[in-house]
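Same chain, two partners: chain A is paired with chain B first, then with chain C.
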Partner chain A sequence: MMRSSEEDRKAIRQFIKSHMDVFHNEDELTDTDHIFEKGFVGSLFAMQLLQFIEREFQVEVADEYIMLEHFSTVDNMMSLVDKLRGNAYAS
Partner chain B sequence: MKAVKCVIWDLDHTLWEGTLLEGDDLRLRPGVEDILRTLDARGILMSIASRNEYAQAMERLRGFGIEHYFLYPQIGWQAKSASVALIREKLNIGMDTLLFIDDQPFEREEAQSVHAELTVLDAADYMLLLSMPRLRPDVITGDSARRRQMYVEDQRRQQDEQAYEGPMGDFLSGLGMVFTVSRACEADLLRAEELTVRTNQLNSTGVMYGYDELQALLDSPRHRLWICELTDKYGSYGKIGLALVEVADESWTIRLLLMSCRTVSRGAGTVLLSFIMKQARSAGARLRADFIRTSSNRQMLLTYQFAGFRELGRDGDRLTFENKLETIQEYPSYIRVVEEKPLCEEERV
Partner chain C sequence: MPPERTEASAAQIALARAAEYAETAIRPRAGEFDRDEALPREIIDGMADLGLLGARVPVEYGGLGMDALQYGELTETIGKACASARTVLTVHQSLVSETLAKLGNEEQKNRYLPALASGRLIGCFALSEPDNGSDAAAMGTRYETKGDRLILNGRKKWISLAGIADVMIVIAAEGKAISALLVETSTPGVEIWPMKGLLGNRAAHTSEIAFKNVEVPVENVLGQIGAGFSFVVNTALFHGRYSIAWAGVAIGQAALEEMTTYARTREQFGRKIGQFQLVQGMIADTVTQVHAARALCIRAGELWMADHERAIMETNIAKYFSSKAALQAASDAVQVFGGNGCWDQYPPERLFRDARILQIIEGTSQLQQVMIANYGMRKYNRLSRGRQAGGRD
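Now for the complex of A and B:
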């Protein structure tokens, strides 16, 4: 059974919170918060985030999608996942 | 084939003759001590994957006076493939830079079946280790001779980091990290060459530069070669990053950017890229970069694209990026970035 969109968002929020200590509790991270403006994000965390998205949603992020704007907020990550899944169905 | 960065040893009938848990009278195989000492001096790391009882095996290694050679030894009852995976993760190096030596075909095949890129060697051939080309680096630098020591310092950092209770930002601030960027001079060239050969994951082009080429670039008024060192309260990570930038009036092009994988968790790659972007902006130049996509440099691609570099053109695998320099990520608060005029600067004038 497919997970609901809210569960997907929750999984992403949890991953970010466990890796970035500027977010201490639930209400400090909203789906529109720009996580890269909240604190310094090195490429290691960014890479972990990318791998998390691929693993969690079973998608492959092609090079041209590896851009900050797709990973800057929970909303944007969900749009990216939707887009990648859509592409997968179409092919 | 890439240079081997770490040799993983089995113990029974590989490193020593006899079986520990059968109470045999153990002896190191002839020449093993010399092999360990020589590989260590070449800057090749070593570890252990052995199915054995940990405390007893470590005691024997201490008895032979060789325990200090091995980083993250995996001695237990897990599959060898799992031990290899863990060592690779701890050292943060590519699977294709590991060599696993074991006397049992089953163990070698098991490890190989899980890790296709792993090199395996029959323990019967252990005397070949010192002469294998992949274990004979062309250059041995101060950093290579200190490499094991640097990993030991890393191990202490990691232990303290894991034991630290509190926000990670506070832990990082307490490290007193200083990132020094300087124009490379003659004395840095061996290490610079070594970095271009050894760095695969955080490498923007994968192009290797020889000593002579680097020396010519040093004297070229059209090029800037920057080298970086990272230190903290535990010691120095060594010279860990390199950037080659071609400077032509209004247009700068990053020909090569690379960063040792040991420092990536500190954000060093992003810091070096920000440094170059700031330099280009204050020179009023536009900034471009060469990028060659390889099978292992996805993280470098991410570093560039997250920093705002966009594809300008493409010729096969060869990309040209451009950055409008509109936003530059600030350095993290826990790293002090210092631009240093090297001592050799005066000699060159």
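Now for the complex of A and C:
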């Protein structure tokens, strides 16, 4: 059964929280927080996010979408997943 | 009933041939390459003839399509024979071809991968600069977009294989955007000169590069504009670290083979030196360290093949450990050889110098420690709510 949009968001949030800098990992993470600019994660994490999105959502991220902006917030990642799935519920 | 026989894959055949080539053509001459400070073209061509320059390139682009574990075995095999020949794999294969296969567009892959896989083109990866190593934000090499051209200016330093490369991935910035550009070394304005007198990897054609108003077509941007560090560099360095982790196993194994052979033949006080327990202590430690380093590398390779999220961190751990293990093994080999270990007519002196390099390239040991410590404090602490600390997974 396909997960709901909210469950997808939760999976992304959990993945980010579990990789946040150890002295930031109690900070609140909102869906609009720029995770790189806020220092929650380093740029090395971008590649892990790319792999996570492809693995978790069974999509292939085309090279035109491999830009930091698409991976910078939970909202942006949800929009990316929706685009790749061809879904309409992008926020 | 006898076990079913299966046909060996092209990759398995290439691995067997690589082992023979490494032992007969490369290892006996590694000292000569080191003294000459140049890996001869005939050795690179010999590796290309066996398909090794396309080891990780997908079959559809003319490569062998080796999996991560096969590639690790190949890296150990070549690296045991000569660190500079192994550098051809790390740079041409891991940093350039594998990254291009992962992040290049179809036109770029079709244009470059078959030529890189066959060895018709040699690739290098230009990231480090005279005043800038791991700090990408301080990138001094800049480009300016002018229509459909990027005008590149700046300097790169410590670039392995640059002395013989035909195409490079150059990391450069415009404003805050860091991008990766595919630049052919024959382009006007590219100047390359060799760096001599290096501590190790002396035959790897390491060079300095200057870019003076070099025009690069915009279609030569690898990945997207601005994705040069976050995706291209990080992807390439992950591939490179995996290769360097195996390079540590390679030098450790080479040191082990040298010290055990010497300990069984060299006599002092009327006995073989391998009969002395203090020499046995060094051999035992080296066996253990090399086995442990190889086990970490295999683990990292298995996780990578399973597309597991921990593959990156386990690769960092393997690289950190195996580079330390290699240096200790090489140091102990020097010790077992005594005076002969301090002379370039015997392998341990070269192994010792080559091992030292591994703690610096593809991210220093200190950078690895920061990442591993953060991972450890996240994973093994007892503070995280609802999560059990420890665990071996």
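Going forward, the second predicted complex is superposed on the first by the 76 of 91 C-alpha atoms of A that agree within 3 Å, B and C clash if a C-alpha of one lies under 4 Å from a C-alpha of the other, contacts with A are read in each partner's own complex, and residues count from 1 in each chain.
One rule holds for everything that comes next: a residue touches a chain if its C-beta (ideal position, glycine included) is under 8 Å from a C-beta of that chain, and two chains touch if they have at least 3 such contacts.
Owing to the predicted nature of the structure, the values given are computational and were not obtained by experimental measurement.
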Partner chain(s) touched by A:67 [first = chain B, second = chain C, both, neither]: both
Partner chain in contact with A:47 - chain B first, chain C second, else both or neither: both
Partner chain(s) touched by A:21 [first = chain B, second = chain C, both, neither]: both
Which superposed partner A:4 touches (first chain B, second chain C, both, neither): neither
First (chain B), second (chain C), both or neither touched by A:39: first
Footprint overlap on chain A, where chain B in one structure and chain C in the other make contact: 21-22, 43-44, 46-47, 50, 63-64, 66-68
Interface residues, chain B side, partner chain A - complex: 167-169, 264-270, 293, 298-299, 301-303, 305-306, 308, 311, 329-333
Touching residues (chain side chain C, partner chain A) in the complex: 103-105, 136, 223-224, 226-227, 229-231, 234-235, 238, 307, 309, 312, 371, 374, 377-378, 381, 384
Complex interface listing, chain A residues touching chain B: 21-22, 36, 39-44, 46-47, 50, 63-64, 66-68, 71
Complex contact set, residues of chain A against chain C: 18-22, 25, 43-44, 46-48, 50-52, 55, 63-64, 66-68
